[in-house]
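Listed next: structures, encoded as structure tokens.
Two complexes come next, and they have one chain in common, chain A, joined by chain B in the first and chain C in the second.
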Partner chain A sequence: MSIYLVSSEEIKALALDLQKTHEVYGPQLKPPGGQVFFDLLAAGEVPDLDAAIPSMPVKEILFPQMERILKYRYDPEAQQVEIEKQYAEKPKVLFGLRPCDLNGILCLDRFFLGQEFVDDVYLVHRRQSILISNTCSAPWDQCLCVCTHSGPAAEEGFDLDLTRLDDGYLVQVGSAKGQAIADAQGWQPAGEEHLAAKKAVIERSIASFPELAKDNKAWISRAMNRMTTGFIKHEIWEYIGNQCLECGACAFVCPTCSCFNIEDAQQCGGDCERLRTRDSCSFEGYARMAGDHNPRKPVEDRRNKRFFCKLSYSQSKKYLRPGCVGCGRCQWVCPGDIGLPNVVQYIRRETSA
Partner chain B sequence: MAQANAQARHRPGSCQETGVCPIVAFPEVVNIDEIRDEAPEVKTFYLSFLDPELAAQFTLKSGQFIMCTVFGAGEFAVSLPPSPENDRFHITVRAVGKVTHALHALRPGDKLGVRGPFGNGFPFDEIKGRNIIYVAGGIGLIPLRSSIVHALQHREEFGRIILLYGARSARDLLYQEDIVEWKKNEGFETFITIDRPEAGWSGHVGFVNKLIEAAGVPVDNTVAFVCGPPVMFNSVIDELLRRGMSEHDIVSTLERQMKCGIGKCQHCSIGRTLVCTDGPVYTYHQIKTLGEVI
Partner chain C sequence: MSYQACVCNLCGTGCGQFLKTDGRKVLGVAPVIAHPVSKGKLCVRGWHANELLNSNERITTPLIREDGAWRTASYAEAIELLVRRMGEFDGPAGEIGVLASARSSNEDLFALRRLVDEVFHTHVVGVGAEAGHRNSMACISHAFGYPGAVGSLTAIDKADYILVVGSDITRQNPIIGGNIHYAARRGARVVTMCSSRTQIAKLSTKHFQQKPGTKGLLLNALAKALHALRTVNNTRRVDVGKLPGYARYIDALRSISSVALEAASGIRYEEIEAEAERLDRAKSVVILFSSGISGLDQWTIQAITNLAVLTDKMDDENSALIPVAGISNLQGSFDMGLSGEFGNSVFRRLAEPQSPLRALFVVDHDDGIIRDRERIEALDFVAYCGAFRNPFMELADVVFPLTAFNEADGTYTASDRRVQLTRKNTANANDCLPGWALYQAIAGQAARSRPVAVPAGRPWGYRDAAEVFADIARSIPGYHELSHAQLAKGFGQHWDVGAFANAGRKRFHEVRIDYPTPPTSDEFPFALMVGKAQHFWHQNNLMRKTLIPRREYDQTLLLYPQGYVEISPEDANRLKVKDKWLVRVTSSTGTSMHIAVKISADVQTGTAYIPYFIKNMISDFLIHYDNAFAAGEESIIPVRIEEKE
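Let's turn to the complex of A and B:
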């Protein structure tokens, strides 16, 4: 694996270079001084690699909240139909991914591309994309990637990995695609001392993690064990269910949540479209069938399902890791205080009693 | 479109292994050749693919399902009643929700979209040489029809074949012409019941679990296929278990809300399995260990 030492100017040049052939997405403050979004960079714009964790996960780019997948024209009089595929391939660069978000993409890859069937819509988004990760030197208040083994530095799955050092960026190549980019840029090779400097950055980063994350470290695996074997009292789920407002925010900000709905737009006359929209297992209608039979009616059953999906071993087989990448976003957004770290705390409280 | 679907991928080997390569990504267009009223609110739609190549390729296993598009309304999952061998391609649907009501408003010559077939299907080769009991409640007979016809096409390879079938009333009984045909097979036993007595009905009255007693069903070397509403399902299972049937020999097919059919949207998850790719056919033993109520 080649390593390079690259100046900030060269990183900017790389971003601008890639814009010539790709849609380049990266972190930016929107509006200036506002929140961080991982969004499409306008021509000439460069990613803000010092920005905090983006408020939304980058899955929006590969698995948008709403997407048209099919169009059809139906003429009931002539009894004719024409179907047209709607999603198209555009090469994309995700520039400056936090390791948690990178791991989120790897989870989606394993799930959408690695099971019995390959998801064609996701594949089209993903096939030509380039992933450039950025070592996280400043964890945020709710971060817990150290507990879920998904940060603060990326270990796999990237094409290029950046780490900010005192004298520039250490760039590590992770794939043939990444190597081709590095070769074209003609960067200076880096040495052992730069790898050592990266190690120091990681150690400083880990030391600055909030107490909750350090505290939880062993308990994520304990919670997984409990989730898998089902040794969690029903009262705990009832308590968690009572806290849930069924807003679905946790699923929308989760880098690994991948449930979706498919709807044909109604009242479309002859020209109809089929939409694929993200969904959340916390909604009451999620499993409800025509005829109103709902196998998952009580809210605690639906909450149980979500954390089973994130933490049980059997679900983890789909991702080859726990379904949580430790970004902490669910903890930020949950109005009922049942983000994943808190649920782990509740399970911990119960099992230590 | 056929070409686009040919490019739609499944994991290498998986479709070759089963010999059934489903239509995955985009619906293929079928014509509604004929519509028959089965019962109040229930109609059978006979379909044929517009693309003759596809019509020749399309194969199914009993117990599988398709995703059916009603253009302008949406897509729904529906089990396949035709036998895998020498049977007309059709679906039987009760008008329950938005899309199925739109389907019922269609007329012959209208078009539908079809993806699939998906799902694991009922065991067939594995149960040769054994007795089969089919227990159906209401429209639960629809998915079982495929297996019944298939088993009767290989009548000599099975022991006793018994159908226990219950419906709300006499006019709710499905596939009445088929049942007359099936009865012509030697050793095919049929017991039919309706929920409440009615004029002109001289057969059994009561719920279908009562028929188990009446039919004197065998337990040894027997497999039971059960499909019906949850209440009926539970009472039948209880009765079969009480008579000493093994949990592994009771087979059912489950129904869930489905959006994609290929294991991605997750709407059909039950505990750790997805009904679309791991199911819809499970043994009662599996159902019990899925980790969630049915």
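Let's turn to the complex of A and C:
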């Protein structure tokens, strides 16, 4: 695939150009505290490609926390139902995706689109979207993508991939859609030396993990082995379960968590609105079955389920990669301090004991 | 940018929350990572605020009851009706009661207080969760000279020693519970005193699982051990010895008998002595207890404040004494003067058959259980204001809609006196007025219909919430340095305790040493207490307007459709019952109910817990039991549990 060397100005021009035809989303800083969100850019705004990893995963755009799917009205006399679809296709550009979030989208694609049943709501969000990734030249405190094979640079799934070099951005094309954009922009081709420079950026980024990714205690391959073979003592799960406050945050911020709930909310006048909301395996009601049976009633069994989903080989076969993309957000938001990196540590500590 | 920062409006922690909104609807929630207390965390309630705010069960227009049915009305018509009807009652004689909401903003509460004083002229006011917090404020005020938390919730992050008295804090205020857990993980000593094995008890370094009703005794015993230790080591604090009430306090402590202590509480004095050594070694101490309807009784809170003063560590910047509120602005409602005075409680007036109460003005009554319902039904006139539809509406003659917390500017005062500003980030779909504007309109109508004496220099005429707040800063002690402009800059500011003349002058309460004998008997051998559960926060109807938390709520009730009583495995064995089997629970006051058994290793043998969201627990048991609301968390009802015949 083609490679180009593009200036910062040209990148901005690209973002503005795309805004003419697409909804363009990208990293932005929000005061107070300068928290980063990957959100819709206002007209004339450009993505902040130097911003830290967004505080919420990009899945918010493709699989929002709460989504109105349809409205319906049943006329009991005529025995007729009117159904009105509440989602519509809007071409989107996700501009400046961190590789972890890009990998998260690939996992969601496999869940929502890659199985027997194709999820139409997700498909409508995703079908016309353009993914532009951005190599991380250095990790943040909680990053662990080097352990989950999802960073610091994207390897697949993007339409365009950006890497900041000393003299501009190296743009790599990853798809025909991306090539069409590049052709329209008329960028300067890049050379082998720029690929070498990108390699150096990645190597420097990886080398700085021990120093910069301070919260990262995860070394997950051993934990994955233990998880898959089931050699983790129940007491470890109890220890982890005792610390779970059952808030659901880990699933809400996880780029790969795809569980949802459907609820029909009654409106005034007989209208009904079908809502899709994110769900979490940490909730007791999540696994409850008819007849009051709950295979995962104790909290430790529910926690066990989550980490099995993120770390076991059998689950990885489904995603063709580990279910964890190493963004470390679960560590940020967990009031019980049992984000995935800590859990990996507990599992390893037991194996080393 | 569709993310707008605000303060979570559910419990009294005051967590930072972003709402994702398109200006018309709330689309999602995100935590505020830089927030000094919540630090990027939210609990199950905060994470689902978007679901609540999307509820279809909103009050959208003023309503007037006509021939038993509702009809919509204009603000002008409804306000005219309210003012005319309220004019029929004698406020000073106690005919009008006002029940404010601890979820209202300070601006709304302040304007309501003015309405109470200047238009309704009544002293019968209160908030839903009044009893406990008034006790907490009176006790802290006596001990530290101001009615508010000592120190900040952020002290948890640095303190050496954290004491949690009672409170199932990881469920009631999960983010505070989480911060305590983080503190334990960094090496702070976390001590929980609780008769059941709560989650925070399991996460603590030390859990004193005393017998029910003996927390105060245990706290006093800890104080005795601390004093004795310092006496032996010759490290008694000279300054503490000079404080008012010291001699009587120490005398009372000396009278504690270790034998009687152990018999009453089940805790050995040696264990307490060992704890006192650790407490003495700590540089900074944080003490937390729950305040509000399910809070502690006066004697226990006095034992807490006395212990805090005796440690002589409360002036350390990492020390704190926090009455943890279950509702977002309980502290603010007290600060704005809505909690009422002792003896003038709305609930007390409702409970007294001969009280002169004839009319009630109620805001946001989100409790699932309406106390004194029959009396309220028999009142001449009831007005209700709220953002969400609610069973209380059925009792009202006129209803006013209010904005939800994200639909108007407003400040909220968290448990640790941190005043924070939430900006309007979503339009109210029906152009409803925020509380302060509604009360102002009512006052305006009252002035037109009958001349009202407005105190000199206190005109109404607020154009926005910031102007109401400017008035708050002028008249409410502690708020004098605050303004909306300033609060908008960061994550709020604690109100200034220096506004109280006695701030810093510490005093001891007189303590009462008694050895509670269990109210249980051979006939009623179980001590029944009010249990708690995460999704049922305050029997609160708000959670029933969400999707996921409501499912969790329902899921428990599906497992135990008749509700459940938690008992220990030993008791279950003895009664020969299994999980989900029905039993009959009979109380010493003669009430009884059929309920399922839930077997839990976390409760002590001889104790039983029924969560408060089970309606009969309150209506059939607690209310019939003397003084149950005053005793709060310490309420114990002797019951008999039998296999259902």
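One rule holds in what follows: the second predicted complex is superposed on the first by the 328 of 353 C-alpha atoms of A that agree within 3 Å, B and C clash if a C-alpha of one lies under 4 Å from a C-alpha of the other, contacts with A are read in each partner's own complex, and residues count from 1 in each chain.
As a convention for this text, contacts are C-beta pairs under 8 Å (C-beta built on N, C-alpha and C of every residue); 3 or more make two chains touch, one makes a residue touch a chain.
Note that the structure is a prediction, hence the values are computed from the model and not measured.
Superposition model on chain A: chain B and chain C are shown accommodated side by side without a clash. Rounded to the nearest 10, the angle made at the CA centre of chain A by the CA centres of chain B and chain C in the overlaid structures is 80 degrees.
Shared-chain residue A:D279: touches chain B and chain C both.
Of the two partner chains, chain C is the only one touched by A:G33; chain B is not.
Contact with chain B, but none with chain C, is seen for A:D120 once the two complexes are overlaid on the shared chain. Of the two partner chains placed around the shared chain by superposition, chain B and chain C are both touched by A:E263. Shared-chain residue A:D337: touches chain C; no touch with chain B. Contacts of A:Q79 after superposition: chain B is touched, whereas chain C is not reached. Of the two partner chains placed around the shared chain by superposition, chain B and chain C are both touched by A:R288.
The superposed three-chain arrangement places the nearest Cα atoms of chain B and chain C 8 Å from each other.
Taken together, the two structures place residues 261, 263, 266, 268, 279, 288 of chain A in contact with chain B in one case and with chain C in the other. Of all the residues in chain A, the ones that touch chain B in their complex are 70, 72, 74, 76, 79-81, 83, 85, 111-112, 115-120, 123, 230, 258-264, 266, 268, 270, 272, 274, 279, 281, 286-291, 293, 295-296, 301, 305, 308-309, 312, 314-315. On chain B, the positions that touch chain A within their shared complex are 1, 4, 8-11, 14, 24-27, 29, 69, 71-76, 96-100, 109-111, 113, 230, 255-257, 259-260, 262-272, 277, 291-294. Only residues 1-3, 5, 18, 20, 27-35, 40-44, 46-47, 50-51, 54, 56, 170, 174-175, 177-179, 181-182, 185, 199, 202-203, 489-491, 534, 547-548, 551-552, 554-556, 558-559 of chain C touch chain A when the two sit together in their complex.
Looking at the complex, you find that chain A touches chain C at residues 28, 30, 32-35, 37, 39-40, 42, 55-56, 60, 64-66, 242-243, 245-249, 252, 261, 263, 265-268, 273, 275, 277, 279-280, 283-285, 288, 292, 294, 332-337.
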